[in-house]
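These notes open a run of structures that come right after.
Each of the next two complexes has subunit A plus one other chain: subunit B in the first, subunit C in the second.
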Partner chain A sequence: MEKPSEPKKINFLSLLTKDQDFLRLMTITVAVFVAMSLMRPKLFLTVNNFTSMGYQIAELGFFSLAMMMVMITGGRDLSMVGISNLSGIIAALVLHNAYLKELSGINLWISIAAAFLIAIAVGIACGLFNGLIVSSLGVPPMLVTLGTLNLFTGIGIILTRGEAISKFPAEFLYFGNHTFLSVPIPLWLLIGALILTGVILNKTRYGFELKFIGSNYIASLFAGMRNKKVLMRTYIYSGILSAIIGMEVLSRTDSAKADFGTNYTFQAILCAVLGATNPNGGYAKVSCMALSLVTLQFLSSGFSMLRLGGYFKEFAWGVMLLLALTSNYLIEKRKLKKSLSIYSNKTQKKSLKA
Partner chain B sequence: MADIVNVKNMYKSFFGVLALDGMNFSIGEGEIRCLIGENGCGKSTLIKIISGFYTFDKGSLYINGKEYKKITPIESMNEGIQVIYQDFSLFPNMTIAENVMMYSSIRSKSQFVNWKNMKNRAQETLDRIKFDIDIDKYVYELNVAEKQMVAICRAIAQDAKLIIMDEPTTALTAKEVENLFKVVSELKSRGVSVLFVSHKLDEVLKISDSFTVMRNGKNVYECKDKKLSKEDLIFYMTGKKISEERFNFIKTDEKPLMQVKNYTLQDKFYDINFSLYKGEILGITGLLGCGRNELAKSLFGIMPATSGNIVINSENIGIIRNVQHALKYNIGYVPEDRITEGLHMEQTIADNSISVIIGSLVGKNGLLDDKKVRKKKQETLSLIPIAGMRPLNPAKSLSGGNQQKLVLAKWLAANPQILVLNSPTVGVDVGAKNEIHNIIKGLAKEGIGIIVISDDIPEIMTLCNRVFIMKDGYIVDERNIAETTMEELEAQIALEDSKAEETA
Partner chain C sequence: MKRLLKNNEFTVAIIIAITWLIFGIVNPDIISLANVYSITRASIISATFALACMLVIISGGIDMSFFAVGCVAMYVTVKYLVDRAMLDTPLFLIFAAAIIIGIILELINWFFIDKLNLPPFIVTIGSQSLYKGFLLAFVGTTYITTMPKGMRKLAVTYVSSTTSSSGIVYNLHFLVIVVAAMYIIMHIVLNFTRFGRNIYAIGADVAAAQRAGINISRTRFLVFLIAGAIAGVGGVFQGTLNRAAVPADLVGQELLVIAAVVLGGGGGKQARGSVLGTALGVILLSLISNNLILMKVPSYWQQAVTGIIILIGLIIQSTEAISKL
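Our next item is the complex of A and B:
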């Protein structure tokens, strides 16, 4: 009998070759990178381009991470952009006030900190609201979050009367538009969020239960897992990520609008699915998601450099989502077949011996 | 007598496992045949090949004298073969008439539905088997027996020549079974053949003209007359005289481990009273719908009881409110349906093994302790050996019996003092069944109090030392296994059934 054991030492090289999802995505990423470099070497392979991609990638990155976490439960969070804008708007009201009063020194920093805290509180509240409805009423997440998206956006429109709020203290605008160690600050935030999410997913009880609840809700209940609590936390986490990126948008664009970045919802789904997240729940990998994010950013910048219009991008994203879904499905199917045949070959050999 | 279906020397394998191994089978016109065999012997594969769901690897298939190399479900239906599965595959949101005439309306070329014509024809069909019910009723309003009749009518409406019924009597009361048999005889007199797939030997012996016994994908015995005893059938099914040792319980502790007092869940079960001792295996049996399933779930807090209380180790803990509450008192539960309730099929075998105890593997820093996690996975998976298993493969790569072992193992990891096993060997093949029985007996010897809920009487006989019989939500009888026989127990369950009907 085979001794149940797991690889004890994690060898990076063996991990790379063993993890097929990662390997596959790495190939795609490198291929896209090479293709773009060859087609527009003078534009693509520049420090400027990479810095600007660093600023752009953070927004899609946060939304994709949030979507990935909710997708592990088997749900979708369509309200992320709504949460992000609403937290941004409420924080904007505080910051605009600080700008008008021309606060400085300690008072200014207190109001900036307050704006951050308020934004995150709004994110938590919105996530809690989503989580409560999904976990206690059992309404399909897609419908709940579609409803709350309109609700949150609506509140945002009422607060801003449909106009953009702008003019904030320069100290606040700094973090969305500057680099630290020549890496854009938003990108630092994203790297932090990726690491944090990876730890949560792989090293905590919550992460373990999240994957299990996503792959079989009822069996998790029977195993004594805290289903509702886990669902709730997931939507809250999504809310917090959305709120943080709401602040980043506010800082980068110097304005808060109720209908900013509505395209991100779809792109986040694409990014998560391309990054080997199982849309039916139960499986996701932060490393793959990060690669898929980089690939999409390369493509997005590349398309602009090739002067392909915005409509073409939409079309390309749609095609890619369909391709990613089908290929994931086929790969899953092949994996299962392989594991089954290994198993049956073994038992057959055994019965032959006996 | 012409053969409707004739299967010769047929082979079929799934991923290298032989499901049919040179199977021979035939059924003639107006014949009532029973196909019996243990779980996993290839019965359902055979049916699915005949009905066109699976293709076969080798061999020949003749239907109404015509040879088919490949057959699609539609061709099979056109040849007059109808399968009634256990769940009947009806549409609950539609009326009886719509369900009965479903295929005929789909097949007609017209884009419109002729309601008057459809209802008339549905009514005719119902009349043919003397099934008296309003055809405008919705199917969700019907009870199990009525649904079955609708499914039979649907088969007849398509001029079925052969109706295959998969485990048709599992959910029926004795009276309903009798009624079903009347209908079957009626069908026979019209020249329709019926193939029962069942493991309920008593009923099968009563109605069938002939038997086919399957084992390991082969036809091991066929007989055209009824002179066959139950013991013979069991022998042919399992290939051995069943010689599983009975469980021998020695009371080591006079104090009961768990006492259930006046436990009641409104509309499901009432006034349940019993004591469970350390190292005891207690059986609870009864017909489907008698409340045994609900009782099992309420003992684990999934369906909390409405009144009564439970005493564990002399501590009154009231009603078990939820799963966490049950876990606190070290109660484990192995569910009936391991696919939807027992395992996380997509997750790895190793992760499944620690899914119950994950909360105890958190280190001081709030993160999972990798060392502990690895150690527990190894420990748990060596509690019950699973042949040919790879810990990092998903749980769905295991066979049914091995999946059940994994469910048991993950619960053993939690060190339960009380284990509730709901149908522990349903859908498990004979060999694995024996193994699982031995594991359960071993656990009892280690001092765990075990409650087995099952409708498998032989299982109750070998596993338990005491058994309760439930009927309509009440415990109606208690027996010591040492002082009863399988026949007595079966008679008792049937008796309780008919008694209740008389009083009703």
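Our next item is the complex of A and C:
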């Protein structure tokens, strides 16, 4: 994860001075990195460790991106993992078929491409379903996506009868298990998604409207924003991201299961909140999210190396989420105080002059 | 009649009646008293926790940590007693200890949600992970099967019993009565006390409630205190009915309880949940989840059916909201 962040170094100094959130996260990331390197230098500072972290980070990264986008609208998408598994399962049915028929050459590649397209179509359909209900019914997105999580997972269970589907063509398994330029392919996908999301958020009309809607839904409605359309697109985007990572999981693990990775929802929320996303909507930053992702991965691998079990991790994630929320709150409060005090100083000076 | 149709509880009651009827036609055993007894026993746990969750939802928040709170309260209490061989401890002391632990844990939620004004969903999903992780990492991961005597006795206390057509004896569990009493008390508190009306008021509009002179912070404090107490009680019920203390075995299944509250009218943007609606929601969900097998529907359909029911519940409520405009 160190390498891809290098091209950003050009405007690093200006970022450091300007962006407090980024600076704060950078400090945390570096501190965690140094701490883990000091505690387990022989295990942590190895190429193998970084490669394996690269594979692991991709999944959480996609889910966190999807969660971040929905969080900007002030909602939560709890059905991401369901969408990812469902699209993985439907693609798995196609690919398993290809494996059984022992397809090769052009036919094989056609079926792999078809599997990808079908998975993404499923992601779009699920996202559209979420978006339609959320934007037209006016019920809290959290409850809607809790319901659709059960629905999507349930459909997945029905399709697989609760069992795992496995055995796919080796050509398909390649992309989840190999590196390109010594960086894991899933990580390349994540980097692409991060850049794309950053561009969408900062350079497009949709991104602008998205943030506007998140900070004030009614005001944006009066300002002539296409609220429902934007909400719909956001859930579809989240669905597409989930579907892509569903394919990655399928390729990496060589199996599709309806209840894979249910922990990711919570970790994605943690990652987004730690990455300075405002859970009430309206503000998010891709660079900060990427840093918090790296921090969490360092910690997760570090905990494993320190032989602290999964239960301890769960405890630590809970503590971290509450700490991140609290520190965001305190920083906001201080900012508010500062701006208020500047304001009151000005008014005092004015009154003195008068 | 028009008023009745617009009434959410009435809609859910009709859905229950129709489901029951359809189920009964397919498999007559479902209408038997024996089946009623087994459904009530199966819904004791979710009914208890639904009460805690409903209270928080009415006050405008959401609680994802109630199962974790209940599990910690029960497991810590039982482990303490079993480790010190104090199996003769009277039942009310066990409940008291669990209630105190439950209250402390829910008040931690209250602190973050009310004092720091943080989003309830994210706070409680964080504390859920924290409590569960704490329990499993620092308290223990083993199943305790030698339960205190009081709990063992409570597990086999029945009010009445019936014999099914196949000759198996079904019992109406004593705790069903206790849960029913809790529901009645909660109904009275919510509808006939100032505190109860205050909860609805802050759930509907915090700013308006504040201007009406309601002490928001104190009302929320009491809400989380009561929710914690109920969660503690629910934890002990769970240990009692399981006849074993299993750490964190319910955590992750909060959805079913929340679904019951939502079906009962708690899902709108503005708080509208009611005790009767929640009770009906719990009954509907356990009716469906317990009887799909008797209907010869494969068990792997269950999750999809639950999801569809939640969505239907949400859609019914939103059309009501539209027709009110």
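As a working rule, the second predicted complex is superposed on the first by the 335 of 354 C-alpha atoms of A that agree within 3 Å, B and C clash if a C-alpha of one lies under 4 Å from a C-alpha of the other, contacts with A are read in each partner's own complex, and residues count from 1 in each chain.
Convention: contacts are C-beta pairs under 8 Å (C-beta built on N, C-alpha and C of every residue); 3 or more make two chains touch, one makes a residue touch a chain.
Model, not experiment: these values are computed from the prediction.
In the overlay built on the shared chain, the residue A:161 is in contact with subunit C alone; subunit B does not reach it. Judged by the touch definition given at the top, the superposed model places A:24 against neither subunit B nor subunit C. Contacts of A:96 after superposition on the shared chain: neither subunit B nor subunit C is touched. Contact with subunit B, but none with subunit C, is seen for A:224 once the two complexes are overlaid on the shared chain.
Of the two partner chains, subunit C is the only one that A:139 touches; subunit B does not reach it. Residues 1-6, 8, 199, 203-205, 208-209, 211-212, 215-216, 218-226, 278, 282-283, 336-337, 339-348, 350 of subunit A are the ones that touch subunit B when the two sit in their complex. Note for the complex: subunit B touches subunit A at residues 14-17, 300, 302, 323-324, 326-327, 333, 335, 340-347, 350-351, 355-356, 358-359, 361-362, 366-368, 370, 374, 377-378, 381-382, 385, 387-394, 396-399, 410.
Taken together, the subunit A residues at the contact with subunit C in this complex read 76, 133, 137-140, 142-144, 146-155, 157-158, 161-162, 262, 266, 269-270, 273, 279-280, 309, 311-319, 321-322, 325-326, 329.
Against subunit A, the residues of subunit C that register as touching in their complex are 62, 112, 116-119, 121-123, 125-134, 136-138, 141, 252, 255, 258-259, 262, 267-269, 298, 300-308, 310-311, 314-315, 317-318, 321.
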